[in-house]
Amino acid sequence: MVDGLVRAIGSGAFLADDLAVTFGVLFSAIWGISALYALVTVPSDERGRLFAYFVPAAVGGIGVAFAADAVSFYLCFALMALPSWGLVTHPRTAEAHRAGTAYLGVTVLGEALLLAALMLLAAEAKSIHLAELRGALAAAEHAGVAFALVVAAFGLKLGAIGASGALPLTYGTAPAGAASALAGATVKVGVLGLLRLLPLGEVVPDGWGAAVIVLGLLTAFGAAALGVLTTTPKAVLGYSSASQMGLVLIGIGAGLADPAAGSWAIAAAVAYSVHHGLAKATLFLGEDVVRHATGHFRRLALAALVLPALALVGAPLTSGFVAKYALKHAVHDAAGALPHLAGTLLSWAAVGTALLMLRFFVLLMQEPVDQGAGTVGGAAAPRRAAAVLWASMLALVAGAAWLWPAGWAADAAHSAFDPTSLFAATWPGLVALAAALLARRLARGAVRLREGIVPPGDLVAGATRVVSAWLAPVPAPVIAGGRTRATGLPRMLLEAEGFWTVWAVAAGVFVVVAVVLVLVAA
Amino acid sequence: MRDRERLLAPVPVLVALATLAVVTRAVLSLPRSAEGLYGPVAEAAARAGISNRVTAVLLDFRGYDTLLEIAVLMLATVAVLSLREDPRQLYRRLSERATPVLAALTRILVPLAFVVSVHLVWIGSSQPGGAFQAAAVLGATGILLSLSGYARPQWVGRTAMRSILAVGLLTFIGIAVLAMVAGGALLEYPEGTRKTLMLVIESLLTLSIGASLASLFLSSASGDSERDGR
Amino acid sequence: MTVWLPVLLPVLVGVTTFLLGETRERLRVLVNLAGAVLSSGVVIALVVRAYDGAVAGSSVEMLPGLALSLEADLLGLLFSAVATVLWAVTLVYAFGYMAHAENRARFFGFFALCIASANGVALSADLLGLFVFYELLTLATYPLVVHSGTDEALVAGRRYLYYALSGGAALLLGVVWLYAIAGTVPFTPGGALGAVAGRTGELRAIFALLAGGFGVKAALVGLHRWLPGAMVAPAPVSALLHAVAVVKAGAFGMVRLVNEVYGPELATSLGVAQPLAAIAAITILFGSIVALRQDDIKRRLAYSTIAQLSYITLGVALCSPLAAVGAVAHLAHHAVMKITMFFSAGSLAETHHIKRLSALDGVGHLMPATMASFAAASFGLAGIPPFAGFFSKWPLGAGAAESGQVWATLLFVTSGALAVGYLAPFLVRAVRPAAAAREPGAESDPRMLWPIVIVGALSLVLGLLAGVPGSPLDWAARAVAPSYAGWSPW
Amino acid sequence: MSTTVLYPLLGAALFALGVWGLLARKHLIHKVIAANFLGSGVFLVLIGLAGRTAGADPDPVPLAMVLTGIVVTVALTALALALIKRYYSATGLDTLEPAEEAEQ
Amino acid sequence: MNLVAHLPVIVIMMPLIGASIAFVAGPRRAPLVTVATAVLTIAPVAWLGARVLAEGPTRYEIGGWGGPLGIVLVADGLSAAFLGLVAIVGLGVTLYATGYYRVATGSRPGPGHGLYWTLWLFMWSSLNALLLTGDVFNVYVCLELVGLSAVALVTLAEGAEPLRAAMRYLFASILGAMTYLLGVALLYAATGVLDMRMLADSLGPSVAAETGLALMVAALLLKTALVPMHFWLPTAHAAAPSPVSAALSALVVKGSFFVTLRLFLDVMPAGYLGGADVLIGVLGAVAIVWGSIQALLQERIKLLVAYSTVAQVGYLFLLFPLARHGGEVLSAALLGVLVHALAHAFAKSSMFLAAGVTLKRFGHDRIADLPGTARRAPVIAATFALAGVTMMGLPPSGGFGAKWLIASAALASGEWWWAAVVLVGGLLASAYMFRLLAVFMAAPGGRPLPVGGVRTLRTEWVPLALAAASFLLVLAVPLVTRLAEASAVVAQAGGVVP
């Protein structure tokens, strides 16, 4: 076991199974384009500092897809997560540092849970290869604990309910390129982790599947609710990521609940990861382009943004529709009441996402034009390049639906044309539109409602503030030396000795001792 | 301290009574008659040819005790000598008191005392007498001489005086070691020589002890010197 | 006979340093460095021999029926190698750090004596020898703690003595009692108390005494208060002694006690291992949490040491083979990482008079190399691969899980998180733009910088080379394997 | 109550008196006298017990011990007196502990 | 005449003759004579030790009169060890005194009109006599000799304080001696024998004999200053000139302890005095604690060291309660006490000599006002450090060996509390020793810098040598073991197997 652990490091056990290739391609695409975008938009003096953190994060982010054993996985996971702190705190404002601390806290906790899970499983499987760990999970002596640890570790990464505040915090302050990478790639590592470790499609102690589904549902709807009420466009996108990941959790939960639905669950998770990754990255880049654009270019950009938004909602002919198709199949195949309930709720989740997208557009339009160096009017060259990069992302998102490698994707696309699924895909959007219009009229007066009442990061930000207040460093205690005069007990002892050595007493004591000795001897 | 004084007043009496009780109990428990070492001493003394058994025990059987005893006396003398203050002041005060009557008395008494001490040493082996009694007489003559001004106190520090003081112990050790060289154990006088050797020891001892007693008196008779502790 | 060299050589160096007096600087440097390098050479030679099974041993008759015997087994050599090699590095650092301090002859003399006693603790073949050198270590360290002579140092020294000597007394009582009922107890992997295993009551009391005695230097909670106080000593002392030699002697004692005196089976059957594990766990949490709140840099590192030391105690007390391997490996890894941190703290204090965390802003730009090494050590301490710390934390956690004590795995992991908690502020502040105006580019004195960089790099290299035979992890595996019947690390 | 019991008891009484004197009396000369009492008490015990022999004259060994004891006591007394004289000339005190009000 | 047979006598007579010659030779040549005598005495002592190791205990009948009449000198392992101790420490003190007094009094060699040397040699010879005598009455005479010379030596210091201390010491020794003599009188009356070996054979359950022996033991305890009868020691040892206090603490105290050892082990059968030996053990334990606490509170170095003697003497008396168990426990405890006596003597004498030099160089020995001595007088600081380690009983010093043996004997005998007392004593000792060392290590800071003084080789290096001896004593333990085995009592108990 030790040498196994040891030899693994030496050889750096990495492999390229199909899961690794898919995620590898996805991650390298997103990290690549984000890097280029950041290169173009970030002013040159800060560029050195940004890329000092960006490069290791990118290497970790891509490497993690190919890791085959626990140590390499954990190594890449850490290599991706810790430098990202630098990306979050790049603008060096007080708010950025607070967000950085919160991010660090959540990440470290996530890593700790992951490490614990890996250790447990490694001890159980007597080896450190992920495949064997995955096999050992179900039958492990402390299976429950291990399962909880795995779900918690990757749940934190996905922004599951409770921690969903972490995502908006992370993306709020990161520069555009970095935010798109973080939102697009690093979140998906959570999904990859779950796929690597959870034995989808195998017999699993009952209750696990249900738990994940419930978690997924709560996350989907909770995050959506928070997203609608939050204040900044990037925060809305953060919450929407959390909500989308909730859907993925539902899929995985279904896969766990019923082995039959295992293959579809994996397909759904992968599809969602790819679709959401691309769409969310585009949205973030788009948000930045829009903020820096003016006049008709701004209107054109806004219009273009509608495409990824629609994809997220799962409109027909978009990658979202394909992913949702796979998710529906996973949910339907799984037996049991809970999966079916989840199936019906899926469409309502789409409503949530649509509402989020509307909220996003509303907030984005209110954003003042950022006169910063990157405005279209100003140094035109970098902005134009940024726009071109963004356009390429748009193309990817649009094309994703068609050039999907997986076999089943073809009949998914065809199903777009039969009326029932067409209707199923569009009604959530319409309902969301109606609800939004109604809300605007009702809350005309309440400016605050428009402003949003939930600060980005809600629970997590609050916890960080409390902890850092408690951690206010305590100065070292100063030790006062100095002599102590003989008072109290010492004085008493000295006087006792003084009395003792008075001649009469002393000699008397000697004779008494002599007499006592004689008596004792008798 | 006042109340502590009253509290402790009866303690010495109680302690003394306790000692008395303990010793009495021991004495009363002893058998009424016990031979002790009377027999063996009598027989050994007869064999060694010494009539006075106590002298035999003192000088022969437990001679080592006597040797150490002489060492004690000499040590005391040395100690008192080390305690004496500056001898010069001593001389001035003593000589002032010398009166003609005292001088005349000294001239008569000293030779007489000398003869008496020699006699005492000689009869010591058979009747009560011996080194210590003779030394006492010699000591007294020494004091008389210094009081009458003939002997000066600062002589005490002199080499001559010191050698007289030491000669007693040195000869005793010398003879003891000689006995060893002559084949026996320490203090094992060779046959027949016991009487003469004992006499030699006795006489030199008398000289030393007499000098010691005199110097004990002289070195501390410093009169009322000022109280400057040195 | 060579087994005595690692102990006698430093003593020789120490005595000559005393005799050389204060002024002959160059000669002192020469003698100390030569001594250190020579001792390291000897230790490494012993290691090579021990690797292929030849265990050298020799003993000297001290009291009738009681001999002071040394033995160069792998476990002992690991600690001895750590102490001796790091001594050489610390010497270079100390020459820089103490460049303008006074009483240097006395300092370097006692420094060498400390290493001699540490080697003695490492290489002794039985409890008596361990105790003798354990007490000598206290004696040799005291003058270093009170080196500056200020009132604060004296108070810290006094407290150090109270703890160390009462620990020593408990240890003596334990050892005497054990020798009274079990005769001389040589260290035998897997336990040496088979004959008297029946007398459970006495054995439990003796274990408590011995664990208490070692616990003082291993800074278990309650017995730890002397360590933060001892930070008043000069940096090389805090670095080598209070991170490597002295505190590790306590932890090393625990390893010997559980693995080679009582043996894991007897320790668990007597039910003494679990309470020890509990105390160690509490210490880990206590140390980490208190470390979070310390503003003074060295005190924060001291509390971190308290926590990390109990990794070793807990690892051994779990009585699981893999955890024990992790514990012994951690003994070496932690030494390297913590010494880097103390070196950096010392150099910060010496070059920029920064002693408090809050004054640390922007120091990363001023002393890039120092802070880089510090960062490497911090990542290692937090147990992040590929740094060395991960490769002792992983076996610890996995070992705990393997023996069914999952709570221990969770504890190791949370304390790793807490470690990030109390180490991140260093890096976060170092990277910030320099707040106050500071002399630009004043990196520490080269004699201080090179040791920092070397041990910093070592924290990474030991991690990367964890697989290579001869690395601390592999070394620990071979040292611990015999204590667990039928378990092999491969 | 034959003499072999009476004299030792008298000796014991003398010894007790000596102990009392040494403890109770403050003046140094009194203490030296008490010390001599101690000595003579012991010697009386020795001689008294020596007389228990059946024959006319007593057992010689205790007698020799007494003789040696006397010489030793003389030596001790001489030193004590010289010391008291020197102590007096140095401090003007004639007791061991100075009078209460003077010090402490 | 084969010299070897007369070794015990030579060992006693040599210093006695030396004393007389030194007395006659006068103040100027006395130091030379004394050094010569010291060197000449060491040779026979060593030779005697070798002979005892080779042929076991020997008896020497003085005047050829064996049996009850004559006095017999007994030289066994114990006495050889103590003689060796007296010789080595004696030589050290003599060398130190030659340096110490030349420095102190310029031309005038030594106080008391140059009689220091004679008194010192008298004390040496009386100690040798005391260690070799096998006759109970002869012990009385030797005790008187030792007491007298000790008192005389104490008076040699300047000022009034030594005189009062000497006075108290004198009265205490008179009271002790007379009680001892009374004890001998009763013992002789009961048994009719004075020789120790014959006493051992003829000791019956007679009240007089028990009372006699009890009184003798009480007197010896007073002379060894076992608490509560320690009142005379601190003032006397602190007030005396430092070479004298070194001799007093290291040797004189051990002399009377040696006789107690003889009485308990060779003369009286086990448990003869009933609970007396346990009572003595308890007093020993009290002595350790009380002495150490008092030492902790003292302001002056010499008083601290004197009270430390009171404490360390307590260890010696822990032997008696353990001796009851006989056999293995007795031999281990006896060896432990023997090693402790040696280690303590070396350490204590080195500390007093070092204190003397401190007094000479800094003008005072108030602990609080001696900061930074380690920097100004490193040799003195090193001496106190080494001696301190032995007092604390930290390994690998001789003190540790003693504590280990006593503790393991106690544990083996089942009376574990004696082991606890030994450990507590060690801790308390470290308390007062480190208090002293801490001040030495302190930076001079604002406090007044001590006055510099003349440094001579002898006064500095002799204390260090003695301290080193106490430290390295552990290497000599095998030799001491064989000496202990050569003692009569251990031979009966079947050798030393701790």
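The first chain written gets the first letter, and so on, giving A, B, C, D and E; residue counts start at 1 in each chain.
By definition in this document, a residue touches a chain if its C-beta (ideal position, glycine included) is under 8 Å from a C-beta of that chain, and two chains touch if they have at least 3 such contacts.
Quantities reported herein were computed from a predicted structural model and do not represent experimental measurements.
> Hey, what chains does chain C share as contacts with chain D?
Of all the chains present, those in contact with both chain C and chain D are A, E.
> Under the touch criterion given at the top, what is the topological distance in steps from chain A to chain B?
1
> Measuring between Cα centroids, what's the chain most distant from chain A?
B
> Please work out which of C-E and A-D is bridged by more C-beta pairs in contact, and write that pair.
C-E
> Just by CA atoms, which chain is the most central one?
So the chain sitting closest to the middle is C.
> Would you mind pulling out the distance in Å between where the CA atoms of chain A average out and where those of chain C do?
About 38 Å separates the centre of chain A from that of chain C.
> Nearest whole angstrom, what separates the Cα centre of chain D from the Cα centre of chain E?
Comparing mean C-alpha positions, chain E is 28 Å from chain D.
> Approximately how many whole Å separate the CA-defined centres of chain A and chain E?
Measuring from centre to centre gives 79 Å for this pair.
> Find the geometric centre of each of chain B and chain C from their Cα atoms only, then give the gap between the two centres in Å, rounded to an integer.
73
> Of all residues in chain D, which are in touch with two or more distinct other chains?
Answer for chain D, listing residues that touch two or more other chains: 15, 19, 22-24, 45, 49, 52, 61-62, 68, 72, 75-76, 79, 83, 86, 90-91, 96, 104.
> Two or more other chains in contact with one residue: find those residues in chain C.
Answer for chain C, listing residues that touch two or more other chains: 150-151, 154.
> Do you know which chain A residues sit against two or more other chains?
In chain A, the residues touching two or more other chains are 503-504, 507-508, 511, 514, 518.
> Okay, what are all the chain pairs that touch?
A-B, A-C, A-D, A-E, B-D, B-E, C-E, D-E
> Flag every residue of chain B that touches chain D in the complex, lowest number first.
Touching chain D: residues 1-2, 5, 11-13, 15-17, 19-20, 23-24, 27-28, 30-38, 41, 53-54, 56-58, 62, 65-66, 69, 72-73, 75-77, 79-80, 83-85, 132, 216, 219-220, 222, 225-227, 229 of chain B.
> Quick one: in the complex, what on chain E touches chain C?
Contact set of chain E toward chain C: 335, 371-372, 374-375, 389, 392, 394-396, 400-401, 403-405, 407-408, 411-412, 416, 419-420, 423-424, 426-427, 430, 434, 437-438, 441-445, 474, 477-478, 481, 496-498.
> Help me check something: in the complex, which residues belonging to chain E touch chain D?
That would be residues 137, 140-141, 144, 148, 151-152, 155, 159-160, 163-164, 166-168, 170-171, 174-175, 177-178, 181-182, 184-186, 188-189, 194 of chain E.
> Would you tell me which residues of chain D are touching chain B in their complex?
Going by the criterion above, the answer is residues 2, 4-5, 8-9, 12-13, 15-17, 19-20, 23-24, 45, 49-50, 52-55, 57-64, 67-68, 71-72, 74-76, 78-79, 81-83, 85-86, 89-92, 100, 104.
> Which residues of chain D touch chain E once you look at their complex with the stated criterion?
Answer in residue numbers: 15, 18-19, 22, 28, 31, 35, 38-39, 41-42, 45-46, 49, 52, 61-62, 65, 68-69, 72, 75-76, 79-80, 83-84, 86-87, 90-91, 96.
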